[in-house]
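Consider the two complexes below, in which chain A is the common component and chain B and chain C are the respective partners.
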Partner chain A sequence: MNDSMLATLFFGFPLPPEMIDPRFPAFIQRAGGLLLTLWVTAASLAAGGALGALLALARREGLPAAGSGPVDRIARAAIGLLAGAIVYSVRNLPIMIIVLATFYLPYSLLQIRVPGVVLAIAAFSLYTAVYLAEILRSGFRAVGSELSDAARVLGMSRTQVFMRIELPIALRTMRPDLLNLAITVFKDTSTLSIVAVAELTYVARQMLASRPLDYELALLLVLVLYWVPSTLLSMLATRLAVPQGRPSPMRTSLEA
Partner chain B sequence: MDFSQYVFGSPYFGWLCRGLLMTLIIATASALAAALIGYWVLRCRLSAQAAWRHAGVAFVAIFRNLPLVPLLLFLTFGLPGLWLELRGRPFPSGYEFHLLILGLALNTAAYFAEILYAGVMAIGPEQIDASRTLGLPAQAIRRWVIYPQAVRIVAPALALRFIHNAKNSTMALVVPLPVGLMEVVGQAGRIAGQTFSWAEPLVFAAAIHLSLGLVLGWALNGWASRECAKIGSGAR
Partner chain C sequence: MFLAASTLLALGLLAGAPHATAAPEAGKTIEKIKADGRLIVGIGQEAAPFGYRENGQLVGYDVDIVRAVAKRLETYIGSPISLQFMAVTDETRISWVQSGQVHMSLSHTNITRKRLANIDFSVPYGWDGKSILYRNTKPPRDLADFAGKTIGIKRSSSAEGEIKAYFESKGLAPPVLKQYDNHGAGIRALLDQQIDGFTDDSSLIIATATLSGSKVGPDGPLSVAATSYSTAMFGIGVPQDDSRWRNIVNYALHDLWLSGEFQRIYAKWFGPASVCPLPLGDHRMEPFVNG
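And then the complex of A and B:
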């Protein structure tokens, strides 16, 4: 394997300037290979994070800010149902179909052309958001109402209770799940290779098409490039899942 | 969108039915293979010998952290290339389908082994000591004491993984398969190639996967909650 192959795996193929859509940031359209995989992952986690928080808020019973009249209640129920339907259906669809739909539906239904990288980030933001909404829901449910009730009785405002009691505790329990979600998104961006987004797997497939001398080695290297970051992150997730200061129980007698 | 070409009896309808059948076959075959591999990886992880334990841990660590698309590409393109270099003769053709099942199974097996290991670890060690004192052989302890309870504890997680495995069958899109063996998204791609529109076949593929998720979710969650209800009840 030569240096140019290696550089292509990391940074992608060079893109001719006329291919760059001026409406969207150029640096992300010019990226490729592992660099683009990381960009799409990071951008999707950020955008999906915001969207997921909104979805979770919409599904939460008794939104704090809204009024309590009958119209408010109906609107709240409708928004909750809509958010629930989005979460349910996207969670039950394979990522392959989500990616294909994001790439082919905007053009065939509305005749809109958008750069592939932007569509990729849109698809994975949606994917992140629905899974995040579920993580947030179970994370906040795990806090339990006793602590927040006690804080309310002690005179904290709703915002204070959320910021100082509910959020820190929920975040601590959610940390492993959040990391696992990041790993899943990172790994699943490889499905983008079927819609010609020039991320790591696509670069590998392009190399495959031209059959260089040792493409088996290139494919192995791609596996390693995916494996190392996700292993590091999952080791961190495992560490965070074990309660600090208390060793995990040692088991020796199971060698039955 | 124009659905007039998808009426009952039209060729595209037949293609989609074929796709549904293959999705079911791929999902079932890979889940069964994953259960088998996962069981043996679990046996490795519970072994008294350190070498087997390390092998089990390594299997889980490797295949849980590999994305499916590059893994399937490696199995269907890289492996035959390596075979040719090492053995000096070409890899027999026509095994893409088997390699696809293997790839999906390796991934799901790693998750199965990890989940089941967590279930085994959750069982009190005093139960194994008690079984030994009662004179049960190791095989019987596994069969009648450890596994039933372990499966019970992790049933919801196992059910989730089965559903995930069914969704993963769509990764077959990157494997070069004969048209008769393509699953539902592959058939959708074939139709899109003929009609120059992905919209309609994708709607069908999405509908098929949503209903599959609904049915599988209902069945497996029912199984999982029945298993959970048995915890501590002494029922088999």
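And then the complex of A and C:
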């Protein structure tokens, strides 16, 4: 009996045929439980990663532009302002409100009807993008202009400065924040249970409706299923971190 | 500058939401179903015996009723329709009807005047009463015995106002209410003696208690107070101000009643041999004359 409980928490309940929207691939709608939690997390980190990079780029001071005419400068400022508005709006809303709005607005404003898993990925991509944009911004700010200026003086191109100087230093500063973001997204997908997306928490909720007294056991299993992947991610973060003792070539050049 | 722009954006979002709820293209549900060929139904999956998992499969009174209703609706819509479920929770079962993203919703929803301010309901397809589940005592308890006691209640249940009103109308101290996420958690707390009683629609509390292995009745560990403090009628939630749609939903229910299919489904879930017997008593559907 407990075997089936664990299997259900891993893969979700079988869906009745009416629960599958025929206009969308069935396999993306069939996933449930921890599998769906992981799938929403991974997809959101990927899509949110790309969107977040764009947002950060749009907000970056000294954005590279084709020209420097007045129209160009206004366009640049407008894009920066829009990106800033998105970041500030989403960052200042609780995740539960973002989830509720994502499941409500597309239909009520545009009459768009898509499977819950798609909306779930949309909500968490936006969430990831906004936090990532902020992490990227502070990460690249930490590099400081002296190094980049020095590299330019030495004859490096813009791309070279970015790839060889700014990116490596920024990545090292940002690594803990990036992994924290991944862990946060993984755990926060539990808010999707209020809109009946069949991720781990919602599957547990359904389970408790028909097996009310397995409350502690279900809770314990859910706890472990969230804890293990989060902890593995944290351990990965520690392993990936640059050993503290050895000075990196960059730091040497800075101190020299 | 950013702050101003983001405030504007946030205000725009907030302003857009209620605006959108006001007009889900009133009166267009039948046309939308015809054009799309699909009937989108919000269905609850977290409450026995209405919608819950049995051996992994989604079953329940609401599930059976809506499958039967959908078949009958084809006659009135005049073209084949496929039934599409969208799972709803207590947080979304009303608001998704309001926005029109589900054409109807069945999630053991009580018809209340407060909810009628936002959506419409079909005629009732289930009748129940709200009472209190308690650990067996001798002699059995009556509602009045729970004055000032601690009573568990499920989150977003309409019971909160009703139980307070009942005790106040009797001149008794209203019970202290304690919220639980689901019926199972509340019944667990009751068995663990953390609360003196747990309340909701009798069918829900009896079914959940029975599924948890606690027999309800004089020879089991739990009992339900014999009287109800409030009646409950279950209705199918439909978008507001669309009487053509609501009419054919009612006709479909009436047809089920006239054909005896309704009674068969009812007996399966609430008959003498079911988990929570709930005799129909004087309750009946009153089909409109076809003429």
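The rule we apply is simple: the second predicted complex is superposed on the first by the 220 of 256 C-alpha atoms of A that agree within 3 Å, B and C clash if a C-alpha of one lies under 4 Å from a C-alpha of the other, contacts with A are read in each partner's own complex, and residues count from 1 in each chain.
Keep in mind that, in the parts below, contacts are C-beta pairs under 8 Å (C-beta built on N, C-alpha and C of every residue); 3 or more make two chains touch, one makes a residue touch a chain.
Keep in mind that what you see is a predicted model, and the values were worked out from it rather than measured.
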When the two structures are superposed on chain A, do chain B and chain C clash or fit side by side? clash
For A:Gly84, is the partner it touches chain B (first), chain C (second), both, or none of the two (neither)? second
What is the contact status of A:Leu171 with respect to chain B (first) and chain C (second): first, second, both, or neither? neither
Tell me the contact category for A:Leu208 with respect to chain B and chain C: first, second, both or neither. both
Could you look at A:Pro16 and tell me whether it touches chain B, chain C, both or neither (first, second, both, neither)? second
Once the structures are superposed on A, label A:Asn92 by its partner contacts, choosing first (chain B), second (chain C), both or neither. both
When the two structures are overlaid on chain A, which partner does A:Leu6 contact: first (chain B), second (chain C), both, or neither? neither
Between chain B (first) and chain C (second), which, if any, makes contact with A:Thr191: first, second, both or neither? first
Look at A:Ala101 in the shared chain and tell me whether it touches chain B only, chain C only, both, or neither; answer first, second, both or neither. both
May I ask you to decide whether A:Tyr226 touches chain B, chain C, both, or neither, giving the answer as first, second, both or neither? first
Chain C collision site on chain B, chosen from 91-99, 127-135, 145-153 or 163-171, when both complexes are overlaid on chain A: 91-99
Residues on chain A in contact with chain B in one complex and with chain C in the other? 89, 92-93, 100-101, 104-105, 108-109, 193-194, 205, 208, 215
Touching chain B in the complex, chain A uses residues 89, 92-97, 100-101, 104-105, 108-109, 183, 187-188, 190-191, 193-194, 200-201, 204-205, 208, 215-216, 219-220, 222-223, 226-227, 230-231, 234, 249, 251-256
For chain A, which residues are in contact with chain C within the complex? 4, 8, 13-16, 18-19, 21-22, 81-82, 84-89, 92-93, 100-101, 103-105, 107-109, 111, 113, 116, 193-196, 198, 205-213, 215
Residue ranges of chain B in contact with chain A within the complex: 1, 46-48, 61-62, 64-71, 73-74, 77-79, 81-82, 85, 120-121, 125, 128-129, 131-132, 138, 141-142, 146, 167-171, 173-174, 185, 188, 192, 197-199, 202, 205-206, 209-210, 213-214, 217
What does chain C use to touch chain A in their complex? 1-3, 5-6, 8-10, 13, 16-17, 20-21, 24, 40-41, 45-48, 52-54, 56-58, 63, 82-89, 91-92, 95-96, 99-101, 181-185, 187-188, 191, 208-209, 211-213
